[in-house]
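There are structures below to look over.
What follows is a pair of complexes built around subunit A, which joins subunit B in one and subunit C in the other.
== the complex of A and B ==
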């Protein structure tokens, strides 16, 4: 069993993947005409790792509602590593895959605000969906979602939720970007992300930094990993029919 | 004719020819614009030297959300280093429960400005910081409350004593924030290096774009000098942002602000968009006018215009190329006319605009000091 080491709030010191959302948007740009069909393919098992070159953590003081949110400092975008330096909560995506397995798209996704933290921190979704937003805290939260467009961002919705257990639902449809940034206007350390995709070949790494993508058509693909605190990094993976390919994506040395 | 004279003659003929060209009319109808130039040294008030302690205090206060009414939004939340020292959004987020109706501008190189906010509502960095921190749509704090909070933080008490020789005060806090902002400057853009003599710093396309900027496109009429702004006010026919048009809270925020300026309802209810500089002067001639924004650090400060309606520099250039959009105030500038740029010319202009940005100024968020523990006389006197 892995004993996890929490590199809360660390960020990479190397410029090539310095957490740029603009770079991320470009890296995660996808073909928009995905064609689903029967696939007799293989799969990819992989790990996302992080090198030693981490700079100081970004921490934000918990300046209000301490009886609910806790004391001290919080980290908007934690970089959580295993003992083997596997990176938790990286989104891994096959880039520009035009056809593949059928995708039973979920139409509804959830996000919960509890103890002034968003759950889940990161998830992936189709380019349009309904988001159910629950505030479990007896304090006002103000969820503010943005579509990332290059270096800019555009408000998707901005909802105040003053009541505990208040639920709101909101239709989300992106126009130009592929990443959704979620803040709380009432608690500036709260952060969550949704990466959208035109195809189902996406995964989020587990606490060991591992991921698995199944039913991939045979061929060679670019595999992109993205983390909000680190930016993006890619590798190539060659998949053969009825076989599992191994992939390692490394941020830094 | 010797070679030097021949070159001079050709140059003169060229200038005359350019002056006679249609699109140049608007440029030269105005007074001669200040030439583009590298940035000079940062102006610093003699009584506010940028000492290490003063800048450190200003840095901590800039990042501290406790200098807002509900303790949740600091200067940094609308001027985030990760977002070009703006907030990256088309329209600024505003104080919790509100939604601002204008774009948040970058702090980078603001030390050089004489007019702050889109309508030039403040004339110093210190006044801007005060106005933003206390404004209902931004920091929404009473200065007295801010002072009391700072007095409960030992690190601040110590720093104020060392820098100003007194307890924390709101006035000195604004001075310190301004001192910190004077350190947030960028002067290593390819354009700067080119002007200083490095002829390899700008590509051929960027140099062609500069020529267009100064001639056919006429940008220099307003975007001139080292900061690429004349700090004057113009209505250039920027279209309303759909987010403003469709979101009542954005409109409420604008009308609250207008009403707070003493402009009567029968006047402001007719506005379908931001009246701009008019808010400050209440002169009809200023309706829909906004201060020319500086163009430095532009690559990092999208989206563009007072309402963030354009997400890319290409969209900005297309907007100017078509002569701006329709105006509802009747004050649109004569400078804004169709440019008829070719595709290559548009690309060159964008390249030049990109050459005005240097290294991205990333800044690690400092770890803020906690509140101290107050000891009230709870067991004596009236608190017994």
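== the complex of A and C ==
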């Protein structure tokens, strides 16, 4: 039986279409050469929602290092919803936008392991960057990063961090995929994701499921939302100069 | 890869059915030495390797389903036995060593009986499948220290400090708490090996064990300890682990 994570892998390579669950490699395919410049554009304010017909997320027993990691169960890729069923931690991206606002690329990103949880759980980055990795726990974590390529995943690096407060820095450059999965083999419930982009028109939804993308050139765009536990879904948004467009992306009915 | 000496009849039949023609290099009027070597390598690959690793090098040969662990998918470019940092492709010598020695605890046999030129030609084929265009640099492995009781005691201390027991267990028998939940890149079930058997994937060679600890085994949960352990500490663990073997 496929887990939710397996379903995400299995759905990769199919374009988002007509309200069905689909995703990533193709749906998040991006323009390879972004041209920055002056933009007199508008913005997009949106929300990502989830319908009622959602199966239960995978739960894993916290079965080791309980003095640090806590007790009970953990959900590697939680589907966290607001009262209005807004989805937290979805990455929303304009698809195939080749030119737009200036982009000061961040060169360094951070990930912290604390109480056997990765922080942040999800973030976006350019296709090449340096990742700084901190282990705050006095237990062995091994930060194991994979490049997702269609149904497959390939190790990008796998580094042991057996001591508390150790820091490693690793240069990352994706060559084939656009999504990085991070886990810890020693604690199989730990999960984090980095979605890479060739342009700056990306956002992560807040606890209400809301997002905002600014300084978008006037035009009509495909807007793709992706969540590690759900896959991807898309909608279209029409942006006019000096105006805010509204967008709703819905997973399920 | 599968040995023409040790392969089951079914795999030999599958290999024969695949035939050398499936991978024959396109004819070139005046191929250079490298091209000739690659063409020869493709012929050897079709005969010796494709039954498991597949005509396309994707690890999906007709015999792949009967071996565990599964044959390497060269296309993904991830290799366990390297002397290069985690995430880097192997050197040509790394690939040659694996083809020559095979891999213990797996169906990958030794191809020592093939002439070295043929094995090097196979290295070229694997490099092409994996799209390795650079010349990866191996890590520096300092000279091995003299084995002594003090070194072994130090190795035991470092083994614990590096928390190797998390997977390999307190006594190295592979019964660590995390061993029950380990998975490989393909999300297949994988176990931490029992170090007390004295049988290691890349053989009992001390330098090879040093490389496994320093660079990890990409594609598996075994991480690189290069940034967290000093060379003398890694050497101490190498000799401690070798001392665990029930010879």
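FYI, the second predicted complex is superposed on the first by the 231 of 253 C-alpha atoms of A that agree within 3 Å, B and C clash if a C-alpha of one lies under 4 Å from a C-alpha of the other, contacts with A are read in each partner's own complex, and residues count from 1 in each chain.
In this text, a contact is a pair of C-beta atoms (placed from the backbone, for glycine too) under 8 Å apart; a residue touches a chain by one contact, two chains touch by 3 or more.
Remember, it's a predicted structure, so these values are computed and weren't measured experimentally.
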Quick one: is A:73 in contact with subunit B, with subunit C, with both, or with neither? Answer first, second, both or neither. first
Classify the contacts of A:250 with the two partner chains as first (subunit B alone), second (subunit C alone), both, or neither. neither
A:58 in the overlay: touching subunit B, subunit C, both, or neither? Say first, second, both or neither. first
Considering only touches as defined above, state whether A:207 meets subunit B (first), subunit C (second), both or neither. neither
Would you check which partner chain A:154 touches, where first means subunit B only, second means subunit C only, and both and neither mean what they say? both
Just checking: does A:234 make contact with subunit B only, subunit C only, both, or neither of them? Give me first, second, both or neither. neither
After superposition on the shared chain, which partner residues are touched by A:146: those of subunit B (first), subunit C (second), both, or neither? both
Give me the intersection of subunit A's contacts with subunit B and its contacts with subunit C, in residue numbers. 63-64, 140, 142, 144, 146, 149, 152-155, 158, 160, 185-188
Which stretch or stretches of subunit A touch subunit C in the complex? 6, 63-65, 139-140, 142-144, 146, 149, 152-163, 166, 168, 170, 185-188
Quick one: in the complex, what on subunit B touches subunit A? 64-66, 70-74, 77, 82-84, 88-91, 93-94, 96-97, 99, 243, 249, 299-303, 308, 311-312, 362, 364-365, 367-368, 370
What does subunit C use to touch subunit A in their complex? 73, 76-78, 85-87, 161-163, 166-167, 177-178, 181-183, 185-187, 216, 218-219, 221-225, 227-228
Okay, in this complex, where on subunit A does subunit B touch? 18-19, 55-56, 58-61, 63-64, 72-73, 140, 142, 144, 146, 149-155, 158, 160, 176, 183, 185-188
